[in-house]
Amino acid sequence: MSDLGDVNGGPSAEDMMTVAASRALEGRRTCFVGIGLPSLAANLARATCAPGIVLIYESGTIGSKPERPPLSIGDGSLAETADTVVSSAEIFNYWLQPGRIDVGFLGAAQLDRYANLNTTVIGDYRRPKVRLPGAGGAPEIAASCKETIVVVRHTPRIFVDRLDFTTSVGHGDGPGARERLGLRGAGPVRVITDLGVLEPDPGTRELVLTSVHPGARPEDAVARTGWPLCVSPALAVTEPPSAAELDALRALTS
Amino acid sequence: MAVLAALPEALAAAVRDGDSVALEGFTHLIPHAAAHELIRQGRKDLTLIRMTPDVIYDQLIGAGCAAKLVFSWGGNPGVGSLHRLRDAVEHGWPRELDIEEHSHAGMVNRYVAGASGLPFAVLRGYVGTDLVDVTDSIAPIDCPFTGERLTAVSALNPDAAVIHAQRADRDGNVQLWGIVGAQKEAVLAATRSVVTVEEIVDELEPVPGAILLPHWVVDWVCEVPGGASPSYAAGYTERDNDFYREWDAVSRDRETFLAWIHSNVMTEAR
Amino acid sequence: MAVLAALPEALAAAVRDGDSVALEGFTHLIPHAAAHELIRQGRKDLTLIRMTPDVIYDQLIGAGCAAKLVFSWGGNPGVGSLHRLRDAVEHGWPRELDIEEHSHAGMVNRYVAGASGLPFAVLRGYVGTDLVDVTDSIAPIDCPFTGERLTAVSALNPDAAVIHAQRADRDGNVQLWGIVGAQKEAVLAATRSVVTVEEIVDELEPVPGAILLPHWVVDWVCEVPGGASPSYAAGYTERDNDFYREWDAVSRDRETFLAWIHSNVMTEAR
Amino acid sequence: MSDLGDVNGGPSAEDMMTVAASRALEGRRTCFVGIGLPSLAANLARATCAPGIVLIYESGTIGSKPERPPLSIGDGSLAETADTVVSSAEIFNYWLQPGRIDVGFLGAAQLDRYANLNTTVIGDYRRPKVRLPGAGGAPEIAASCKETIVVVRHTPRIFVDRLDFTTSVGHGDGPGARERLGLRGAGPVRVITDLGVLEPDPGTRELVLTSVHPGARPEDAVARTGWPLCVSPALAVTEPPSAAELDALRALTS
C-alpha cells in the first residue's frame, strides 16, 4: 500500500484519495452524495475548492451543510442544515431522475474496466459467498447524474476482470453502450483510488490510469487490477494535498 | 379510524404470521420498539419490506420471524454489513430467507403506486443491471406517445405498515418531521397501520417540514417514548451511533446475538 | 442558477412568441403582475398551460396573446364563466384558440411526469368520458404485471413556468406556503422559470407547510410586492373577491374588456 | 318553481336542496367537496348531522373547517383551518385515486338518466354553443369516491335525454357499466335537486324520483326532465328543514 507518510503524521494514502476526490468537485454546482468516503470528500470540497456546491443526500436532504460528515446518510445534522428536506419519492423522482444533478459520487465492492459496479453479492446471487448491502440509490445515480465519480480502494478484490453482479452501469460493454441502454447521464468520468486516478479512454471507454498519487507507482496499480490495465502515456502525478486541504480534512474528521 | 392502544395489543391485531409488513424509516424514526414487540410475540413467516433494512431487520431475521425480505439496501449505515441478514442469505440460518431486491428508486415508486391505488409505477431505472434478471417485480414498459422503453415496477401494498413518529393528537392525527422517507407512502399503501409516537398531545402545533397522517388513514396509535432508540426522533431523541457500531460485534456471532435478544428484547419490560 | 432581475427583463428573456408557458397557481399565488407584463410585451402565439386558467388567462386570451390553451378547468372560481375564453372558443375572437383539455388529475400527472424526466404518467382516469376522443395526449396503457388497463397522459414540459411566491433569499431560493398547487412541478418541468415574490429577504425563516425551490432550479427571481393581486399570497395579502365578481361584467363585453386592459394593464406603471 | 315560503322568510327551494344535500352526508367520514352549492351543503352537514366529517377540497386542503363557505376552493380559509395541505399531485394521486374517500359531491350543467354528467360544452365540442369550465376534478371524483352525490337544479336544460359531452361517468349505459369500465367507486347514489331526490334503480341504474320536497309535485319533476322520468311507487316527501338546520344555514350564509 502506498503511504505518503503516516508515520510522520503527514497525509496517508486514504487522505490523498479523499483530497483527490474533493478536487473533482471543483466547478460543479450540485452533487448527489453516497455515504462514507464520498460524503467526507464532498464536505471537504465544500470547505475548500467548491464552497457553494449543493450536496444532496438520498435520504432527501438538499443543500446539507454538516459540520462533520455524518455516520449515516440519515443523520439529523443533514436535515437540520439542509435548504429543504423532501420525501424519498421526491428525491428520486423529481431531483435525481430528470438528470438535473451535476455529479454523483459512488463507491463499490467490485468495479470492472468499464467502471460498471457491483454492490450486491460476491459469488452466486442465490447463495452468495458474501451478501453485500445491495443497490440503494446507486443504479439511478449511475444512470441519471450528468457525470459520476467513483471512489474506491485500489485492490484486486475490487478491480476485477468480471463483476459477479452488475448493480450499476458505468460504460456497459464499451462505446455506445449507455446510448443503447437509454442512460442519459455521461456515466463515470473518473475513478479515484488510494493509488491514483483512472479515466475512461474517449474511444474505447475502458479505464486508463491517468495519474498516480505521490509515492505510488503505476506498477502497483497494474498489479492490483484484475484486467490488463492501460497506463496513460501522459501519466501525471497527483498534486499532493495542500496544507489548506489537510487542515480542512483534519477539521472535518478530528 | 385511529384507535389509541397499547403497543402489544395494536401489533397483535395488526400483524399476523405470514403477513407482509413494512417497518419503514430512512435512518430516522426507525420503529425499534415495535420490532422488538414483534419478536416477543413470536411472529413467523413475515415478508419484511423496507427500502433500508437495518438493525431491526437484522434482529427480526436473526430471531427467525422472516421468510422473505423485500428491500433495496440492507446494511448498518456507516458501519458495514448486517451479519444476521448475511447469515440467513449465505447459510440459511436460522432459516432460508427469500430475497426480492430493488433499487431505492424502484422501491419508493412501488410504495407510491401502492399509495396511489395503481398496480405499477414507471421509472428510468434498472436498465443494464442484473437486477432485471433476478427480480420478477421489474418489467419493461413502452411509452404510448414516444415509444421510448422505460421500466415498470409492481405496486407494494403491505398487509401492515409500522412506523414511528414524533407525536399524535388524541384523535390519532400523526405528525412527523425531519427526514420523512417513505413513511407516508407505506402507511397509505398498507391495509393496516400502527404508528408509535414519542408523545400524544392535545394539539399538534404546526412544525416546518412536518407531514401529517390524518386519523382516518391510521389504525392504531401507541404512545412509546423513545420507541425509535437507538435510532432517533428529530426534536426528541439523538441517534446512538455507538449502539450501531457495537451492533457489528454483537451480530457477528449467532450465540452472542441470541443472548442479546434474550437479555434486551425477550425480557424487556412490556 | 437564479438571477435577481426586474420583471420586464426576466420575462423578455424567459418567454418568447410561440412558447408554451405555464403561469401556475390554484386560486392562491396567481401571478397577475407577470401576466400583465406579458400582455404589455405583446407576446403572441403562446400555448398557455394551466390546471385552473382563471382571470389572467381570460386577459391573456382576450388580449390576443394565446394560440392554444392546455387546461383542466377554465372558470372564474365561485363566480362563473370566463367570457374572453368563451368568446375565443365560441366565436374565434380575437383569434381562434386551440384547446387541449384534461381533468385535474390528468393535468397534474402530466406536470409530475415532466418534473420527473418521464415521457408519460399513469393514472386511473378518463375511462368512459368523451375527453378520450378529443384529446390526443391521453392513451390507454396496460399493467405489465396484472394486465389491467389504465390511462397514460403525456408529460408537460413547458418552455417557461411563471409563478408567484411569498419570498426568496438573495441567492434566489424561493419559499412558498399555503395552497401550493402544482407550482413546484411546473417549475421543475419547465425549461426556464420566472418567480415573482412578495419580498426578497436575507434569510428564509422556515414556515410550516412551506416548500422550497432551490436557487439552482430557478432562473429569474423578481421582487414584485402584491404581484398576485387580486389573487392572494397567504401571510401577505388577501384575495379581492369583489374583483373576481366584478370581472364577470368587465369581461362580458369586448369593448369594456379592451378599455379595461388599456387602463389597467397597458398604462400600468412599470 | 316550487316555493316553500320565500315570501314569509321561510325556507326557499334552494334552502331545501342544500339541507337535503347536507343530510346525505350523515354517517359519512370523508367528503371530497366541489365548490358552490356542494361546499355550502358540506359545511352545513359539519354544523348539523355530520360534525366530525372530514372535508377535502381539490385545492389540496384536508380537514378544512371554514367558518363560512368560501367563494373559491382555493380560499385562504380552507388552508388555514385544514388539518394539512398537500400538493395538487398528492391530493389526486394519494387521496382521491385509491378510493379512500367516502363521498364526492358534484354539480353539472347536464345530467342524463344514468347520472352521467357534462361540465364541458353545450353543443358541438369544436365550436360549442356554450363553452363550460370543463372537467376539473370531476371525472376522477366520479370514478374514485366510494359514492357520489350530485346536486343540481331540476330544469329541462340540465335534465337532458342525451348529454352533449360526457365529462364524468355516472352509471354509464346502465347495469354493469361501471364494472366494465373498471371504475371502482359505486357511482352516484343520489341526485338532489330543488324539487326532490332521485336515486338509481337497483336493477336498471336509471334515476327514479324517490322523494319530493314539501310543496313540490312529482309532475313538476317529470315535466322538467328530458327523458320519461320514473317516479317511485313509494314516493316520499322530504322532511322539511328543521329550525336547527335553517339556523345553521343562516349562520353560514349571513
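By letter and in written order, the chains are A, B, C and D; residue numbering begins at 1 in each of them.
Keep in mind that, in the parts below, contacts are C-beta pairs under 8 Å (C-beta built on N, C-alpha and C of every residue); 3 or more make two chains touch, one makes a residue touch a chain.
Since this is a predicted model, take the numbers as computed values, not measurements.
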item: If a chain touches chain A and chain D alike, it appears here; value: B, C
item: Chain pair showing more contacts of the two, B-D and C-D; value: C-D
item: Intercentroid distance (Cα basis), chain C paired with chain A, Å; value: 41
item: Whole-Å separation of chain centres (CA-atom averages), chain C against chain D; value: 28
item: Junction residues of chain D, two or more chains touched; value: 84, 93, 97, 144, 184
item: In chain C, residues with contacts to at least two other chains; value: 112, 117-118, 123-124, 148, 184-185, 209, 211
item: Arrangement of touching chains [line / ring / star / complete / other]; value: other
item: Which chain pairs touch, all of them; value: A-B, A-C, B-C, B-D, C-D
item: Residues of chain D that touch chain C when the two form their complex; value: 35-36, 58-61, 70-76, 78-80, 84-85, 87-89, 92-93, 96-97, 120, 125, 127-140, 143-144, 165-169, 172, 177, 181-184
item: Chain C - residues contacting chain A, complex; value: 1, 112, 115-118, 173, 184-185, 188, 211-212, 214, 216-217
item: Complex contacts: residues of chain B adjacent to chain C; value: 117-124, 137, 139-141, 143-146, 148, 150, 152, 154, 206-210
item: List of chain B residues in touch with chain A within their complex; value: 26-28, 51-52, 71-75, 77-79, 81-82, 85-86, 89-90, 101-105, 108-109, 111-112, 123-131, 134, 148-149, 178-182, 184-185, 209, 211, 232, 234, 238-239, 241, 244
item: Chain A to chain C touching residues, read off their complex; value: 29-30, 54, 62-63, 83-84, 93-94, 97-100, 144, 184
